[in-house]
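Across the two complexes that follow, chain A remains constant while its partner is chain B and subsequently chain C.
On to the complex of A and B.
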């Protein structure tokens, strides 16, 4: 597979996953948790570089660990959860600083830029099937928890009264979110990865009323942003200043911002 | 006959404070009971006990003669202070549908029966005209109707509502009370509704359950809303005053 095709396929899978997972993230008010997971991903990516394994595995491993730590430290109260999220975020960025320092003082592989901002055009061979499989797991978890997640979003006690364990549902969803954030990190870098989950989902929530429609629209918007971003980045190899191309993540996130801004304008009318 | 809801000697201690103190209460099918008391009297705790969300340290909680925990399917519930986000991606009909199967895993399968049940519940709650709207963008009174439709869509025998009239203007509160009264009368559903002001409920209450400091006195309004009874419940003198058609309880 040529690097361009690989980039397009991975981008499409990531976009499809980020729609549903992102809609739940925004509707549950977990955008901050998602961002903390993204930062934990930088630790994983940097550790992956140091250990010489595919950064995707680093993202996935550290995102799941961070999600578990947030669950363990957080509990039920909103403020306690916020604090737990903040603590995990700080700890992981400190580790990232250490790992990237060690890596860049011994090698010149561009680890920092790759981990933080992604490098969709230089994915390791064999990444595509892994991305597809993890994306399928994340989507399957979201589909499985679909109704309890919506019911808990209305009021957690409604779910509890019907025998649903909101903590268990929340933990399951956090696992799905961890995977989605990891996949997004491969596309646009760990530190930007929640942009692809927040922006299209928030835009879709402004525009449509039904959960399934919001998810489909968010996926489509994410797809447009990702594919458009890949295309522009590919074209930018002929652009100034250096003819080395502009980063994919810049184009993707800029498109996401445009989509979000347009949805705000549409909502006002 | 087995009462629909039976609380016997229920005592709950939370964080060293006695929140429910040997509470007894019985509710029959179709009976409309107002759970009256000021903030902190123990109303929400009593409702959580009846829902099976909280296990009392002492006493029994039975629904249809069986422990409350195992009878969740018989109970509809409207929690306190539901504030739906304006961007929550749920239409009114979606939200009410979650009352049928929101606890199940997997994606919802649309069916004619499901849609008919949702429409019927919305009709009964006087919210049929709201079905296609975004739930989070409705007014407080409209949201309360939607939450009632959500609570009755699975055809429960017992309906528990935690301060559904709080923050509503008087006409909206009256409309909600009449919706609930007809749910009790026409569907035979036992209704237990908490409120800090009993006046909007006076015309429709079959029974009043008055709470103060975790203790409860239940009976007809004529039996319970009397200076002697409430003074004993509060542990200090209070006076019941009738002003036109309103009842006021003031420190004596």
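On to the complex of A and C.
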């Protein structure tokens, strides 16, 4: 598979997963948790780098631990959850600093930059099946939790009366979120992971009411932004400064912001 | 440890700890940890841009942190606050990745902007830090009552004619100044740790807002001093020590607050 095809396939999987997971994330007000997991995952990635195992496994393992810690410390109140997320993120960034210190003192590389920014064009073709499998698990978990999540968002009391345990559903969702974030952050970088989860979902929620429609719309918008961004980045190798190429993340984020701006304008009319 | 160039380090680090500890009180009280993460991380893009243009990195940091704060405030009126912070951070980081790709910035500079170079603070830097720190303190004093009322008792604040939008703008302006003060000294990721963990620990222990703010500042100072000493003596990365100490402080405060809460309940019951 050529690097361009790998980039397109992985980008499409990530975009498809980002739609449904992102809509729940925005609706539940867990954007900070989603972004924090992307950053916290880099700790696991750096640990994997040090231990010489696949970075993705380090990412997934550490993300699940971080999500559990946020859930355990957070409680119910929004402010307490925000602070708990912040403390967990701060602690994991501290570990990243330690790992990168150990790493760069043995071999000077741009480890920080690689882990933070990622690049669709430097993916190994072997990552495609792993990415597809992780994406499928995350989507299946979201589908399984679809009804209880909606019910506990709209009618918490009714949900409890029907035997839905809000904590359990929340924890299950956080697991789906951390899988989706691991998948996207390790392939396209922490920045793009957050951009694709938040932007298209928030835009879709401005435009349509039904959650399922919002999820489909968010996936489509994320897909359009990713493909457009990859295409533009590919074309930019011929732009000045010659032969360097502009980063994919710049184009994808710019498209996401355009989509979000358009949704704000459309809502106002 | 206290001789020659280290004097500059102690001074700059103390200024950063004081302003971050005080501003952190509001970060925790308002549940704005995401904004406290987004501004310092995103502002690093300004430093990357400044090195591309060959101007002062402090200027780049300042411009980007103010622009980021304005973007979060403006978007926050249209959308959920966490969505606003998420979009602001991805926009700034994507711009930063473009600057890094276009310029010849090397990874070492990125590392120091993210993780700090507190042991390498120059005398010229100390003067800039002191001036910006004084400006942050002045803005904190001027806007203290307004932001405090809107953070702690939003309804009472509205009754006193403090609009939530104005209080949010004041808070974000403080955060932007603290970012410009602290990022060159301790790095983007450390500012965040200082803004969240010591103030969150203080809030567990102190009841009244004033004592929580003072205790948080004292804890931030203690964290920074211990970190500078430990990183000097043991050659550990400052980012690791600050983050780890912050997390330990928070954990200890949670445990102690939980124990007192249980004692009080069993005493009454």
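We take it that the second predicted complex is superposed on the first by the 260 of 269 C-alpha atoms of A that agree within 3 Å, B and C clash if a C-alpha of one lies under 4 Å from a C-alpha of the other, contacts with A are read in each partner's own complex, and residues count from 1 in each chain.
By our rule, contacts are C-beta pairs under 8 Å (C-beta built on N, C-alpha and C of every residue); 3 or more make two chains touch, one makes a residue touch a chain.
Because the structure is a prediction, the values reported are computed rather than measured.
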When chain B and chain C are modelled together on chain A, clash or fit: fit
Chain B versus chain C as contact partner of A:245, first or second or both or neither: second
Partner with the higher number of touched chain A residues, chain C or chain B: C
Which superposed partner A:153 touches (first chain B, second chain C, both, neither): first
Which of chain B and chain C A:230 touches, first, second, both or neither: neither
A:47 touches, of chain B and chain C: first, second, both or neither? neither
Contacts of A:179 with chain B and chain C, given as first, second, both or neither: neither
First, second, both or neither for A:61, with chain B first and chain C second: neither
Touching partner for A:89 - first (chain B), second (chain C), both, neither: second
Closest Cα approach, chain C to chain B, once both complexes are overlaid on chain A (Å): 5
Overlapping contact positions on chain A, where the chain C interface meets the chain B interface: 26, 29, 202
Chain A - residues contacting chain B, complex: 23, 26-27, 29, 143-148, 150-151, 153-155, 157-164, 202, 204-206, 208-211, 213-214
Residues of chain C touching chain A in the complex: 27-34, 36-37, 78-80, 82-83, 85-87, 89-91, 93-95, 97-98, 100-102, 107-108, 110-111, 114-115, 189, 192-193, 196-197, 200, 236-244, 246-247, 250, 254
Residue numbers on chain B that touch chain A, as the complex places them: 51-53, 72, 75, 77, 79, 82, 84-85, 87-91, 94-95, 98, 101-108, 132-134, 150
Of chain A, residues touching chain C in the complex: 26, 29-32, 34-36, 73, 78-79, 82-83, 85-87, 89-91, 93-98, 100-101, 104, 108-110, 112-113, 116-117, 191-192, 194-195, 198-199, 202, 241, 244-247, 249-250, 252-254, 256-257, 260, 264
